[in-house]
Each structure stands twice: as C-alpha cells, then as structure tokens.
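Next come the structures, one after another.
Two complexes, one shared chain (chain A), two partners (chain B, chain C).
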Partner chain A sequence: MQPFSLSSLIPLLTFLVSFVAASSAAPAADYHEQLNLKPLPQNSLLASFNFRSNTSLPEFEAHNFRFFPRSLGQILQHAGTRELHLRFSLGRWDAETWGARPWDGTKEGGTGVELWAWLEAESDEEADHKWLTLTNALSGLFCASLNFIDSTRTTRPVMSFRPEGDHPNTTMANMHLLHGVLPREVVCTENLTPFLKLLPCKGKAGVSSLLDGHKLFDASWQSMAIDVKPVCPAGEECVLQIEQTIDMVLDIERSKRPRDNPIPRPIPSHELKCNTTKPYHADDTCFPTDSLNAQEWTLNQIFGKSMLGKCPLTDPNVPPVCIQAPHTRDVFTSMDVQEVKEPGNENQRCYLLPSNEEEFHLALPFMPRDGDRPKTDADEFVQPATPLLYAERSLTGHGQEHGGVQAILTNPSPDAEVEFVYMESLPWFMRIYLHTLKARISHRTGSDAGQTLRDDDDVIKEIYYRPFLDRQRGTQLEIRMKIPPGSTVFMAYDFEKTILRYTEYPPDANRGFDVAAAVITILPSNSTGGRAARMSNLRTTGMLLNLPTPDFSMPYNVIIFTSTCIALAFGGLYNILVRRFVGRDEGPEVSLVKLQKRLQEAAQRVKERVQERLGVAGKGAKKVEGKTD
Partner chain B sequence: MPKDKMSFQATAGTAGLFVVAAALRLLLFTAFPGLPNLLTGRVEISTPVTSFKRCTCRRVCSLYNHNVSPYDGGVYHQAPLLLPLFSLLPDPSTYPIFAYILYTLVDLLSANALYKIAESGEGGASRLYSSPRKEKRWSGYVVAALFLFNPFTIATCIGRPTSVFTTCAILHAVAKALSGNIFTSMLSLSFAAYLSMYPLLLLPPMVILAYDRTYNPKAPKSLAQLAGMCTLALTLTDLTPNAGLWGYSPSPRCSTASVRSSFGFFWLHPISSYTPALTIRLRQQPLAVITLLLGIFAIFKPYPSIADTSLFLSLVPCFRHVFPLLRYSFVTASVVLYGTFLGPAFYHLWIYAGSGNANFFYAITLVWSLGLSLLVSDLAFAVLRDEWEVERPEMRGKEIRQI
Partner chain C sequence: MSADIQNDGDSKPASTEATVSLPATGIAVVERKEPPPEKESDTQRRSWIVLSFWLIAVFIGLPIWWNTTTIYRANLPLTQMTDWADGKACEPVFPLRIALDVGSLPEQEAQNLLRLTQHALDDLNDFSGHHLRLQLAQAPTEATVQARDDSNVALTIRLAPGDAAHTASSSLHPHLPILDVQYPPNSLPTANSPSSGLATYIATQLGATFAEEQNIISYLLETSSITPEHRPKGISQEVVDTVSKRMTRSLKYSQTYHLSFSLFTNGPVPSSWDIEAAIDEYMKPVLDMLRPIHDFTIDTQVQLYASPGVQSQVLGKEDLSSFINAAEWPLSPSIGGAPTVNFIVYIGNQTIGVPSETDAVETSQSWMIPQWGSVYLLAPPAEAAHVSSETLKQPILTFTSHLLTLLGTPQSGSLPLRLSTLARIRSADLLLRASSSLGSLARLTLALPSISIPSNVADGVVKTIQHLELACAGLGGAKSLEHARIAEAEAERAFFEKSMVGQLYFPDEHKVAVYLPLLGPIGVPLVMGLLNEIKAWKTRRNQKLKAA
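So, the complex of A and B:
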C-alpha cells in the first residue's frame, strides 16, 4: 500500500497546503474521491461525487493500468482515443431555483447518453471507423445502446468543444473530434453498476458505498460523467487521468421516504403548510408555502445506505466528505471525525475520516424557525450563485407538417456581456430552414427596456451550418452569439416534419421522437475575470417531436390497393390501345356470347330429349348422337 | 384551318383576357397576403422538388453565406439554372411583388403558347390525319381562358412552385414545334427536361410533331436538320447535373402520398413504357400523344402536384371535337371534383385535427389517381374512335366494341 507509507511521511503542517494543491488541477496522488453536499433552496440537496485516478502515460502504454480501469483502458488503446467524455443524464437542472450548475456545467450531459471523444486518425474515414469501434465497445461495457450512435447521430463540432487535456502538438494535428447523442436512452441502474465497477473500491467502501440506483435515479436531476484525458503538470511526468463524477439533486422529502413504503400518501389537511398571506386562504383552500420545511436529514436517510468508512486506496489527505452550508448551520457527525475548514471559504466544511472501517454518519438537525433564536433560509443554505446564462428551448407551432423551435437565452448579469456557442444537432427528419433563423432581443435595462425589438442579427456573430442528408446525417448548427448585459434573446427557426418509412418508426411512434438537448458553451471572457475566466457549459432540455404517422395496421393492404390502382390505370389504357374497334354485331363472337349460345343449345337439347323420351325412344337417341360432335 | 389564317398575334380580345387574368392573380396576391404562403405550404401544390419555400433567394443565399453548397443537404433539389433566377429576385419576404409579377408573367406566357396551339387546329387536323369532326372546335381564346381561369392553375400560380416554369417550357415547345420552329422547340423542351427531367419522354412525339409541321416533299433535308436538333436536346440535358435529383426520387422515400411513393420503383417504369406505345399507336396525331403523356405524368410522376394536372387539363380542350365520344365524362368530372374537395379536408383531418389517420389521405390520393387515369384512357378511346370513324364512316353514332 504505497499511499499509506507516503502519507506517514508528510508532516501535519504541510497538510493544508497539499489539500489545496490536490483540489486544484495538479494530480498529486493516484486516487482521490470526494463527496460534496450542498443544500439548495426548496428542500433540495446537491450531492456531487467525484472520483479521480491517474496512471502515468508510459505505464498505461505498457498495460500497467494500476488504478485506471483495465476494461476501459484497453478499449481506449484499441480505438486510438486520446480523450473521452461520456455522460449519462436524467432530469432537468432548475437554474431559476438552484442557480449555477456544479462544475460550471462541464460535467453534465443532455438527457440520455452523450459521448464525445478525440480520436487519433489519419483521415476522416479512419476516424469514423475508430468511432464505430469505440461506440460498440463502450456499449457493451456500460450496458447502454451506444452502438446506435450511427452517422445520423454523429457530428463533428467545430466551435463548441475544445480538448480539455494537455496534448502534444504532434498528436493534436491528427485528432478528430466526434460527438454523438442518444436522447431517447433511459439511464438506469444497469448503467450505474458498470460505472461503479470502474472504481478502485467498487462501491464497497468510501463515498461510493452511498450510491444506490433507487435513490440516484429517483433524483430530480442526475448526471453521471466519465472523463479521460492526459494531464501534464508543469515539470512532472504526463499522466492519463480518469475522472468519474456523479451529480444529483435530491428532493429531501422524497428521499426520506422509507424503502418499504415508497408510495406517497396525501398529507392530512391539518399537516399542510399553507401560505396564509394569500387572500383566498381559508379552511378549504391552501396555497403551499415555498419553503416547505426546515431541512432536516441524515446521510443514511437520504441515500438509504450508510457510508462504510473510507476507501483505503484513497489519498488520505483529501477529506472524503465536504458540506457547503452556512457556518451557522448545525452539523453533527460521528465520533473521531476531524472537521477541516478551508481558510478562504468559510461556508465549506470538510470531514477527515479515521482509517478504521466504521460507518460514517452525518446529520443536519432540525433548526426551529421560531422561538428565541429563529433561523432563516440564510442559515439553512448558501444562496446559489446566479448562472452566467439562462437557456430554455421549446417547440412552437401546431399540426404535424410544420413546426418551429424557439430558444430563449437570458443574460442575467447587469454589467457583463456573455459570449457563447449554441450548438444543435438535430435529426434529419427535422428539415430546418436556415433562412427562417431569426434573433430578436429584449433589453431589461436602458432606454428601450421591456420592448421586444425588431430582428437583431447583430447578436449572431457566426454560424456554422451543415445541412442534413436524408438518412445519412443530421443537421449540425453552431451559432456563436454575444448577448449584451441584462438582455434576453429569442432565437427561432422553422422546420418541416418528414414522413418516415414504415420501418423507421419506433414501436411507440405516437409518443414522438426525442430531439437532443442544445449544448451551450460559454466562452471565457477576459474582461470580466473571475467566474467567467474558464469555459463553462449548459444544456437545454430535450424536446419531444411529433411526426405524422402512417397507419401501422395495414401496410400490406396499402401495397395491394396501390398495385391495383396502377394495374387499373395501365390495363385500361393498354386495352384501348391494343384492341381493334368493330361494330357491336361484327367480328368474332365474344366468349360470353358464345357461352350463352351454348347454354341455350344445351337447354334446347335437353328439352328435345325429354320430349323424345316421352314419345319414341330409338329415334331420339340417334338424333342426339348426331348433334353432339 | 389554312396556315395563312393562323394569327399568332394576340388580338384585342386575348389582350383583354390576359389583362383580366393578370389582374385577378395580382388581386389575389395583394388582397390576401397570407394566401401565397398558405398555398406554398400545401402538399398538393408544392412537392419537395418544386417548393418555392425551398428555393427562395434568402434560403439559397443563406446557404451560400455559410459556405455550404445548396446541394450538400436534403432541402434543395432544384435545377442549378433556377439559382441565378431566384438570386436575381429581390428577397421575397420584403419585396414579394416581384415574385408575384414573375409568376403571373409565366402564366400569361403559357396561356399565349396555348392560344397558338389551339389556333393551329392541330388537335383536329394534323398532316396525316384530318378528323371528320374537326370543324367543331374551340378557339384559342376559349382554350387560353380555360387555362387562365382554371382554379388549379390559379392555385399553382399563387403557390409559386417551380413547376410553372416546366409547364411554360413544355407549352412553348409544343407551340414552336407547331409553327415549325424546330430549334426553339427543342431548346424549350430541353429546358423543361432540364428543370424536371421527365419531359424528356415527350421527345419522340415532339419530334414527330415538328417533322409533320416542317414536312416538305420537295426538301427532304429537313429530316437531317431535325436529327441535328434532337441531338441538341439530348446533349443539353445530358450535361445537366441534376441526376442527383433523379437518383434521389426513385429511392423509396415518403412524400405527400405517404406510403404510395414508397414504391418509387414502380413509378418510373410505367411512365417510360407509355411513350413508345402511344407514339406508335397514335402516329398520326402527335399532339394527342403529348396530351395523353402529360396526363400520365400527372398520375405516375414521382411527386405529382396539381400543376401537372392543370397542364394536362389545359391541353384537353384542344380536343373539343372528340368530347361527344367520351364515355365517362360525368363519372370523371365527379371523381376529380370529389378528390379536389375531399383531399385537403382529409389532409387536414390527418395532420392538424388528428381525427383521421393516414388512410384518409391515402384513399383520396387513390381516388384522384383513378379519376385522372379514367380521363386519360377515356380521351385515348375517344381519339382512337375518331380515327377509326375515318375508315368506317358508316359506324358513326353506332355502338361498337373492341376485340
């Protein structure tokens, strides 16, 4: 156990310094894990799990993977992948309430599965081939339908993504970025299990022992991320770093529901928390209050499991659990746990665990809102930071022929403008009309406040557009925009819906088709400094597109009807063209007339015969013989 | 009708007709500003290959502006020659009047060509054949009026698909062939074929028509001249790069008549097989072959629209003399009207109201196609019977049958 022997050498005094160094990008130790808890408004809790391990590049090349998961490492080597980003996401981040996203949004994906990677290849064809290998291998590894990322779902973003790792210039020239999304994929427990298997402690100890599919996928929003990139700290050997992240926003009330009785029951009316300031408040009407309850929870309650000590492989200098709450918030932990406070950030408290394998407990008790020292929201949680940009996107129009998309992008900052790249990768059956792309702007401040202005194409700085090809590739649209402070941009464009082939509809065609989230990359700006100095991301929600559907019950009837129609049209004309005209009583007899005559003759014969039978028999027989030839 | 009587100049009456027709169109454009865009979006008028929305300057220019070839994508399928035309037009969203005037002018040009075709009397009397009923015919004035005030033509004009250019080119090819101007005729036909490829199948009857019209027993060189002109038509069309479109349409993809066109393979086949059959059988009446072929295109062409129907219907009045021989005129008229009114209604029920499914619209497209095919075969029957009665004048008005 190398890390242990190392740690005993480090004097206590340098501990804080190394902690700061570890939390910034420089990878000091080979494995580190941390759980960050952050109470959010409206009874929510953000839990961010972060697991990071390194292996030096020469050792990786020599198949000495150490903490790096071997299964993933071999796939990466086989597919020539230099940098990999994989996301499994579910739910919607409520930016209005929860504020800025964790990790500046760089570790989240759109709903479903999102994958992008830099592959080393000589040509586009080779890159496509390696991408196919990669998606198929990852599909098996993560039990996800990643193999369905075909050419129609793959794009090559131009402006939106940049490599995050340190790549030597020689490989940079041959690196191809490919990006694919599966918006329909339902992320579930079967994806969590392989995710946990990649960890050195495999969910048996440490913070990962808290992860449970029942709670993770019941969260209001969750995102699982895997990032693999080479990192070259100054003056040190380059390492390949894998960072696994799980972010989830738990609804505390819902998480506290017991496992054996998970069905929610209606609250008895006398227990309802009502907003009594509403004019219509009465005994039989109730408007629920915003802050339902003071937060009160323990780690065991909300995760449904207790944390089994710390992972023995982890860097002992990194505290495994941190909580971001005001210093006035009461937090109780189990015995022998050392509380550490970071000097610069007084709202953060971290807990160093003893090396024994005892369970770790954390409890945030009920803080009364009345009494002699009433507590407020400010004691419960740190007010979340305002995000750099709010974005929402929706479908407009009606009917199943035409439609539109509208994206509403708001820059909440009073003084700084925000520059970003808005990227859409749309399925080919959404035929977008680029010339209908319009941006309108409305200012919240200034002389023209509150007015919706005319088309303002100045907002759009640059457009990269790659049109769709039926059944071959989707539309790729990247728009670089700059929004002035305190303004909202309404961007809209029209599209036409396509009728697909019979077999291209999914089994539940009337549910609609999922359209991937738009990826917004906020570019770092030099002027504002501070928060906007690094690239950050956000994603809109996915969309559900309704397409006209054929009648699935009668494809063969349709074939038969259509063929009949063609045959009638062709046969009718053919008949007229090839046959000769004659008068009604001319020419050879038609078979029907012939048949009619023959029948008449036969009837006549029978008649005669009967008459002959009645009369003389011998003569009649002769007569019949003569007639039959 | 003797040639010297043929007046190719629009008389005062036709000038008045054209002014009224143009005024009606411009009135519709300006009085109902929402109408052009509404009709542009209708599947009956705009098909993926002729949609105005897909080829407006702004759209193409925006593709150019973003360094994208307009063909590198699934939206633009028109001929490259239309690109400069539409880029010459001012932006239709700001100055729509220029597009309106252009389309109105194209309609008037078509009507003028149709006027000449009707005045030539080719429908009733060609070089090799003269109908016993040829005196019974409509003047060019009536035929042009029937074209200009046909609701299908007006709706097409207002919906602004690019198929009106094809219509105009085909009518001009016929008119020029009738006036013996082979070069212009072939140029027109190659332009039409360039725009939408399938008019190439009109080449054999058109050559026969032009040959008949320029036939002069004293100067047999005209045949060689004609051959030269045919190569012009063929080489011009061969050079065009819109094979992409042609390779595209047979690939089974669904358009308006959703499931129907997934048999793209079946559509090309009958179209090309009709040309030799009709040309040989109706050798004496090339204009009738052209008319019947246009009717067949309107039914079987990939992405048919009412523009094709209106072109077919515009040539039918040239055969006024065989109208008494039509057997199913009432049934045909009823079925076409039935399709005209119920088609949009069923489409609405399926796409917007959601109260009907795809079968509603599919069924009405079948009815529409059957109605048109009934008209085509009925017209073929009438023309053939008319021809037969030259041999057997005593059979006039008697019941006949085919063997």
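So, the complex of A and C:
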C-alpha cells in the first residue's frame, strides 16, 4: 500500500510545483477568457466569447510582448494610437425576438467593418496622417480592405463616442477621435484567422478552440470586436488591455447540419410541425407552427468542434464556460467538471474545468413538451430583456433623382424616457437637405394615444451637422434626441442623388451603394436609476442606395459621335469654300456618272450576247422541226 | 427602246441600235461644254483658303496635339549616370593608414624601418583597391588610439623588443585596433640595408590581416556593373565562391535593423522568459560596438501552441528550411521601413540530425536562415513555466554571432578590426549599388521612350551623384559611409518612383481607334484639296509656259 500511494503522490507533487511556478510567473489577471451561452427564443443560441489580456505599460513601451500580440502592439505604437476599437459584423440582430443586445451593444459594429480610434497628435493633419498609417497597417494585419477608409469615409464624431480607457489628462488634450466605416466589406474566414492568431492560446486550447469559420460566418448574426485601451485600476499600476470579443447568434437547426453534408434537405412530411387549428389543415396542406422544436444540442454539434480543455494561462478560479438558462433546464457536462452558481444570479451556471487537457462536453438534452411533467418555453430559455430602444431605418421615395431616409425609433419603456445621440455618416454622393429633417411622434399611451402622427420639435434637442464636400468628405449628422415613454418617433429627411464620374462607379454599379449603419448611443440617464446607468449602443441596418448608372460604353460612343459631328461640319464647310460651282454640263464628268455609264454599257453588251444566243438557238430548233416534218 | 422590243423575236443582231438607245436612260445626254474661264481672283482666293487651312492644322493643331499628348521626361544626366555604373567616375580605392608605434626606437631607425616596411608592402600588395600607407604614430598610448578612432588610422602596429632567441611574433589586441609585434632586437634593419626580415614580417602580417577585406572588396567589384577595364585584377574562383556564399547570406544594408526575439513553444508552457536581462547581458556589448554602423530596435514576444512546419523528432538538413511555420507563426516584419532580423528560440524535444559540415558557427542546436534570422532549439527547461536568463545564455550568444554574419561582418581578425572592415565593405557595397541603380535607371530611360520621368527623379539622380562624389572622395573615412547611404537611398527612390512604375500604356490599336474617326474625315478633304490645288497650279503654269 505504502509504495503505491507514494508513487501516486509524486506526479501530483510535481504538478503542484509546476502549478505554483506557473501562477507565480503569470499573475492571474493577465489573461482571461470566457464563453457565455444563452439560449434564445425560436431555436437560436447566443454565444459570446470574451478574451482579455493585459500588459503593463512599461513592458509595452519596451516592446516586450507576452500576452499582448506583438503585431498589433507595434502598429499601435507606430501610429500613436491610445485607444482602438475595431469591429467586423455580419447579419442583423433581431431585437423583437432576441431582446436586448449582448454587452449593451458596445461590442458590435454596423454591417461590414467599423474602426474608431483615439490618436495622439499635435494637429488635425498629423492625426490624419497617423490614421492613414493605422488603417493601412490594420488592413494588412486583418486581411480587410481597411485601407479604403479614406477622407470620404472618415468622420470625427462629436457627441457619439467617449473614450473607454483611463487616459491621463495630459494625453487627453491631444487625443483625436477618428471614425471610419466600410459598409460594403464582406466579413469572412480570412478575418477570423488573424483574429485567432492574436490570442495567446491561438484556438488550440480553451474556449477559442471552438471557433470555426464555417460556423461563425454561417450564423444569423455575428460580430467580432477588438478593443485596446489603457486601464488603471484603483491603486494599481496602469495596464494596456486588449479585449477580443466574438458574439454570434446561431440557428441551432442550421448549425447542427453535419459539415460534410451541409446542404439543407426538405423535412419529411411526417416530421413537419403543423398548426392543426387552421381550417385548411389536411394531409397535404400544412401551416407551420410558431413554436418550433424544443432546443436540443451539444457543444460539439453546434460548433462542429469540441473544446480542448482550458487555456492554461487563465486564472484557474475563473470558470471558462457559463450558460444562462433557467435552473429548470437540464444541462449535462463531462466528468470532473465543477458547476458554480453565482448567488445573486439564479439563471446563470458556470463550469470550472479540471486542469488536464481533456475535451469538455456540454449537452442540453431534449425536454418533452408533453407527458408527465411537460416543459414550457419558460424552462427552455430566460425571457430576453426588452431593449431600451428599437430602431430601424429605411429608404423612401422613388426615381433616380431624389430619395428620402426614414428612421423609426421606438421607446418601449412604459415609464422612462430615453435620451440618445443618433449619428449618421453618409457618403458625399447622398446630398441631404437638412431643412427637410422632421421628427413626428406617435404616443402609444396617454391622452393622445393612437392618434395620427404629429410634428414635434421637442424630440430633437441638439443637432451637429458637418456638410459634405464633393469627393472630399461625407456628411456627418449627429442628433441628440429624447423620446418620452411609450412613444415612437418617425424621423425623416430628403436627399438628392448625385451622378458620379465614369471612373467612380464600382465594377458592379447596378448593385447599388452601401450606406453605413446609423450609430445610436444611448446616454446614461441619472433620473431613472438602474436600467441605463451605463452608455449603451445600437446600430441600424445598412442601406443600399441606387444611384443613376450610366452606360459604360459611353466614352467610345462619345468619341465616335463627336468625330462624326466634326467631320460633317468640317467637310461641308471646307467643300463649300474650296469647290468651284459650274453648270451641270460644264464640269468634268463626275466619276460616279462615268461608272454608271460603264456599267450600263456592260449590261447592254451582256444583253445583246444573250439575245444573240437565243436567236441562234431558236432558228436551229425550227430547222430541226422542219426536218422532222 | 421601241426598236429593241420589235427586234425581240428577231434573229437580227441589234448592236448598232443598242448604242443609240443608251441615251434613253437620260443620264449623260448632255453635251460636254467647257466651263467659263475662272476669274483670277477666285483661283487665288481658293489657294489662300487651302493654304490657311493647312497653316492652321500645322501651326496650331499639331503643337496643341503634341503638347497635350506628349509625356513629360525630365532631363537626366545620362552620360554621367552610365559613367558611374561603368566605374569610370570613381576609382574605388581605400587609402588605409596604418600607424607604426615603434616605442623606444630612435627616430632614424624608425624611419628606416618604416621605409623598408612600406617597400615590402608595396611589393606584396598588387591589389590596387587597397592602399596601405604606413606612418609613424605620435603619442602611442591606448587612450589616444581610442581618441583618434574617427581618424583614418585603421590599425596601429605596436612594436616591442622581445626575446632575442625567438623569431618575431604578433598578436591582435582583442578590444582595440592594435597589432602587437614582438621582435628580436637584432632583427632591426641597419641604415643602408635594402631589406629586412622584420619589415617583411610586418608586411606579411598586415597582408594577412587585410586579406579577407581585400577579397570581399574584389568580389564586390567583380560582381558589380563596373566594366572589366575599370576594375582591379580578378580573384580566383574559390575565393569568389567562399565570399559569395557569405555575402548572399547577409542582409541588405540598412541604417536600422529591427531585432525580433521570439519564444515559441509547442505546448502551453513555458510562457515567460527573462529575455530582457539576457539581451542586456550577452548581446548589448556587441550591439553597442555596432552602433556607429547600425541602429537596432528590439522587440520580444512569446507564442504558445506553435507547431513547427516539420513534426519529425530528428530534423534532417532539408527539414531545416521548412521548420518555420510561416503560415501560423506571427513573424510579420516590423512596421516601419527597416528590415527585421528574426531570432527564434523554439522549445521542444527536436534535435538536428545532420552535423554541420562546413560552418563552425552552426552548432547542433541552431541554424541560420540566410537574410532572415536564426533559430535555436532549446530543450524544455526544468522549471516548466519560465525560461531563466541563464538558460538563454547560449542561445543569445549564438544569435549574436549569427547577427554578425547576417550583417556581413568578416570572420577573421579582432572585433574592432572586423567592425571597421565592415564599415568599409558596406560603403563600397552601397557605392556600387547606387552606381548600378543609376546605370539601370539610365538604361531604362533609353529603353522605354514612352515612360514619363517626373522632375523629382531628376532631383534624386542629381542628389545621388553629388553624394556619390562625396563618398568616393572620402572613401575609407567615417563620412563616406554616411554619403554612400544617402546616395543609395536616393538612387533607390529615384528608380522606384511610383509614377514611373505604373507607366501609362496605350496600345497602338487604341490610338488608331481614337484618332481614325477624327483624322479620317478631316484629313481626306484636306489632303485632296491640297492635291487638287497643286494640280491646278501645275496646269496653270504649263498653260502660261505654252502661252509664252
């Protein structure tokens, strides 16, 4: 017995020693990663990955990189960037169904790529120069067309963004905020690979091992975010923090499709869920039910990969995986996994993983909706919180010349008003008429509930407008608004479409031009405590603007057409000036008349010869006849 | 016509009638009449019109067309540029001054020794690119040697009388450019002797010390664009081979290099290292010595879970080139113009199976990647999570020697000598590079008549030539490297001018497509009008002659 226990003790001891060494060399707070899973209504699942690493500022200045990626760090130093925010987004967040956004919307961007940064510079020109350096370098690092963020796509927001980091007051005075969007950029796998390369565990261990381009970019909505900011915790040394976040809403049925056979197939008719209350329901007709299948999935199924243990650089006391589901929801995990429940939060369960590198499994089994103990939707998922504001934006009008934009902003709260800044950065070829900007309001509650829309100048509190300059910069429009409880504001303005130059059209000009999403920053309200204590964000969808498109063979047509005109005018003029006019019978024979004469002569000769032949033949025939007679 | 119809069935040929019937079509019935004689003024006016059209076309149209379609080509000093490229403009000669510190010898004997040694040197040295000039040292103390570091004295020979029984011996000072020579007292030459053993000995020693530098410079001249008649005599093939092997390894010259130290591990540990302390201790001294020639910036990184490009346990020679996993390892070059030198410590259990055959610097744990950097395989340290500075000693020392090789430092001699040689080699190299860039630019200008040459290219060329002249004048001195550097940078900038790289290309078919619709309809009436006018003028002249 004795030797056995000793031998089993030795590896444990070495393990402990190495563990102590590891934790002494790497302070626990240097790297953090977590995956938050949150089942949503209608068979969706929100997965939020969060990775955070710190480096002390002296280490950063000395170019010693450990958890902070060297490639990004060098770019930041070279471009004098004090704070950086980079977003890659795809899809639309369905606020009606999914409720409030993750991270209060602060870690998402508009469709495409969005970048904003605070640069330290003495003057605006220097800031522009550094911005150019930054966009070009990031474009190479993330394989995105960020270098196309030129002056026409760059704005300097005034009311919308605030620095998130702790900056000393001395640098704060010289910091310039620049913001650029590429709404047309298609986010794809080539952007995920460099994103994963920045992580210390590189997708080889820990929650990042679940990330896979096929599933991520197949999601209904996804947003990748990189935030770099200095953080000064009270009483501690300042650190530079890089936070990488990936949020995605997976359609469970869709992501469960096997990877080698991803083509969707029609469901067999006996598996269709039909609404039997419809009068036309029969064997061959089916109206699909609203309530879809109960959720049933495992981590491997929906991500297509399994999670390879945990990243050993993290604090062993911080659980890497959490799930937000009602406590009545059954959740199964692999062995040796310790479940942790936060005391205040009923609906959250977290899982502490053992230190070995075994795969972590998590399964949410099927919960029958009938039988002895029928389960309901309330057991499947936590009812999503209502967002502070609903926003949608669309193009109105028709024709090739004029158009309009309408934004519908709804405050769903029954008792709290909401104050926010609505920011549009529009391309220069959308010439907006600011005087047509109008806000109309409709109340859902109160004395005038349900009445028709009426104009309301009280809604708009403040406007910051920086007009466009042709081919130099776009329109920047920031509007601070306040919407009373339970009301909807319809904000609209008109614009005129520009005809671009021939070379300014993209290759597929008839597709239209993407207009960046409007950024809505909900300001923290101090009156109604609790809900909106922090700044939160919201973005509308992008728009596709159709501009009058020319015929692209135009230059050649123009060349031919003008040449013809000149030739006609010149030839006529020249001939009149130079020719001598004489009577018809006086001039030399015109070559055309000569030709005609010659042709007629030739025709005559041919005719004669034919006639001659015919004549000879006719006589011969008569002779033959005469003989037979 | 009627006759025709009547004759239809008849056999009688109707040829005579047919010619008569032709006028019935009514086109050319008219009898030809001579037009009334034209007035003299009309003829003259027509000539004026034709003439003025042609004048407008030639004197206004053509210049406008020429000005709007011509390509701007700045004037380049082409002959000067080709002169530089062919080596006609500058004789690459390094006058190296060598101080002779004779210690306590009397002036007369010292002068004598100096003269004899110089003779022996001149006999020995048949390479015109190097001129070793001896001179007597003034104040032979170590402090002054250091103080006169920036003067042209490349080496000081310190003579000291040694043991009479032994023959002369010499040794290089490890930290200063000093050659210590111990000579037997009786070997000093007498006043009138035509030769001396000591002088020959010193000359041979000097020749040996500078042999490598001579070889490298000859190699540079050999491979440059300089035409054979302008370069010194050739060197043997094996010397070319060894030198070219070494030179192709070294990085392109740059003022600043980024040194990037990376720790790669296969698994999660170790995740930290004492790199800063290790660099300070083992590499900093060499970097400080290199400062006059190069600047260095240093960054370090730690990368976990890095799998190499080759997984096998024992690495063969062919595996070494694919060991770096370029797709996954974040080894992107540093931002900012300077080149990056990568030093990689890879922690794993792999070993190198091939013993290095030729190069003594390569150990069984490390190898150098030409023009890129170096890799060192380190066994996992005992303390799993942390790599101490002591463990890093061997890797950093290896990296230091690899760095010297990558920078193109010669391999023989003491470190200060090697570095001063490096400065001379680099200035020669830069000079030749800039010259050959000028030559390429000149050839390009001549070869592509349709390429546009903006004025800043001409400015760059002028600047290059100016700095080349300065560099050539002070070759071997401290300033020459600086001038050669500027010249090279300017030449490169002129050659790689952006607006020249993307030259506008109009194929001839396009030109025809654009010009023909315009020039056809206009040119034909103009030319025909002119021809008619000339014809009319000729007939008029003939008539006048006849009349006369």
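One rule holds for everything that comes next: the second predicted complex is superposed on the first by the 523 of 629 C-alpha atoms of A that agree within 3 Å, B and C clash if a C-alpha of one lies under 4 Å from a C-alpha of the other, contacts with A are read in each partner's own complex, and residues count from 1 in each chain.
Assume a residue touches a chain if its C-beta (ideal position, glycine included) is under 8 Å from a C-beta of that chain, and two chains touch if they have at least 3 such contacts.
Just so it is clear, the structure is predicted and the values come from calculations on it, not from any experiment.
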Original post:
Does the superposition put A:Arg501 against chain B (first), chain C (second), both, or neither?
Top reply: first
Original post:
Counting only touches as set out at the top, which of chain B and chain C does A:Tyr433 meet: first, second, both, neither?
Top reply: first
Original post:
When the two structures are overlaid on chain A, which partner does A:Pro168 contact: first (chain B), second (chain C), both, or neither?
Top reply: neither
Original post:
Thinking of the overlay built on chain A, is A:His78 touched by chain B (first), by chain C (second), by both, or by neither?
Top reply: second
Original post:
If you stack the two complexes on chain A, which partner ends up touching A:Glu612: first (chain B), second (chain C), both, or neither?
Top reply: second
**OP:** Would you check which partner chain A:Val582 touches, where first means chain B only, second means chain C only, and both and neither mean what they say?
**Re:** both
**OP:** Applying the touch criterion given at the start, work out whether A:Val558 contacts chain B, chain C, both or neither, answering first, second, both or neither.
**Re:** first
Original post:
Now for A:Pro368: first (chain B), second (chain C), both, or neither, which partner does it touch?
Top reply: neither
Subject >> Partner chain(s) touched by A:Tyr465 [first = chain B, second = chain C, both, neither] >> reply: first
Original post:
Which residues would you name on chain A as touching chain B in one complex and chain C in the other?
Top reply: 559, 563, 566, 568, 570, 574-575, 577-578, 580, 582-584, 587
Subject >> Footprint of chain C on chain A - complex, ascending >> reply: 18, 21-22, 25-26, 62-67, 69-71, 74-75, 78, 137, 140-141, 197, 200-202, 204-205, 311-313, 556, 559-560, 563-564, 566-568, 570-571, 574-575, 577-578, 580, 582-587, 589, 593, 596-597, 600-601, 604, 607-608, 611-612, 615-616, 618-619
Original post:
chain A touches which residues of chain B in the complex?
Top reply: 41, 43, 53-54, 56, 58-59, 61-63, 66, 68, 72-75, 252-255, 258-260, 262-263, 266, 270, 274, 277-278, 281, 296, 299-300, 350-352, 354, 357-359, 362, 366, 369-370, 373-374, 376-377, 380-381, 384-385, 388, 392, 395, 398-403
**OP:** Provide the residue numbers of chain A that touch chain B in the complex, in ascending order.
**Re:** 398-402, 428, 431, 433-435, 437, 463-470, 498-502, 548-551, 554-555, 558-559, 561-563, 565-566, 568-570, 572-584, 587-588, 590
**OP:** Using the touch definition up top, name the residues of chain C that touch chain A in the complex.
**Re:** 9-15, 18-19, 22, 25, 27-28, 30-36, 38, 42, 46, 49-50, 53, 260, 268-269, 271-272, 275-276, 297-306, 328, 330, 332, 334-336, 383-386, 513-514, 517-518, 520-522, 525-526, 529, 532
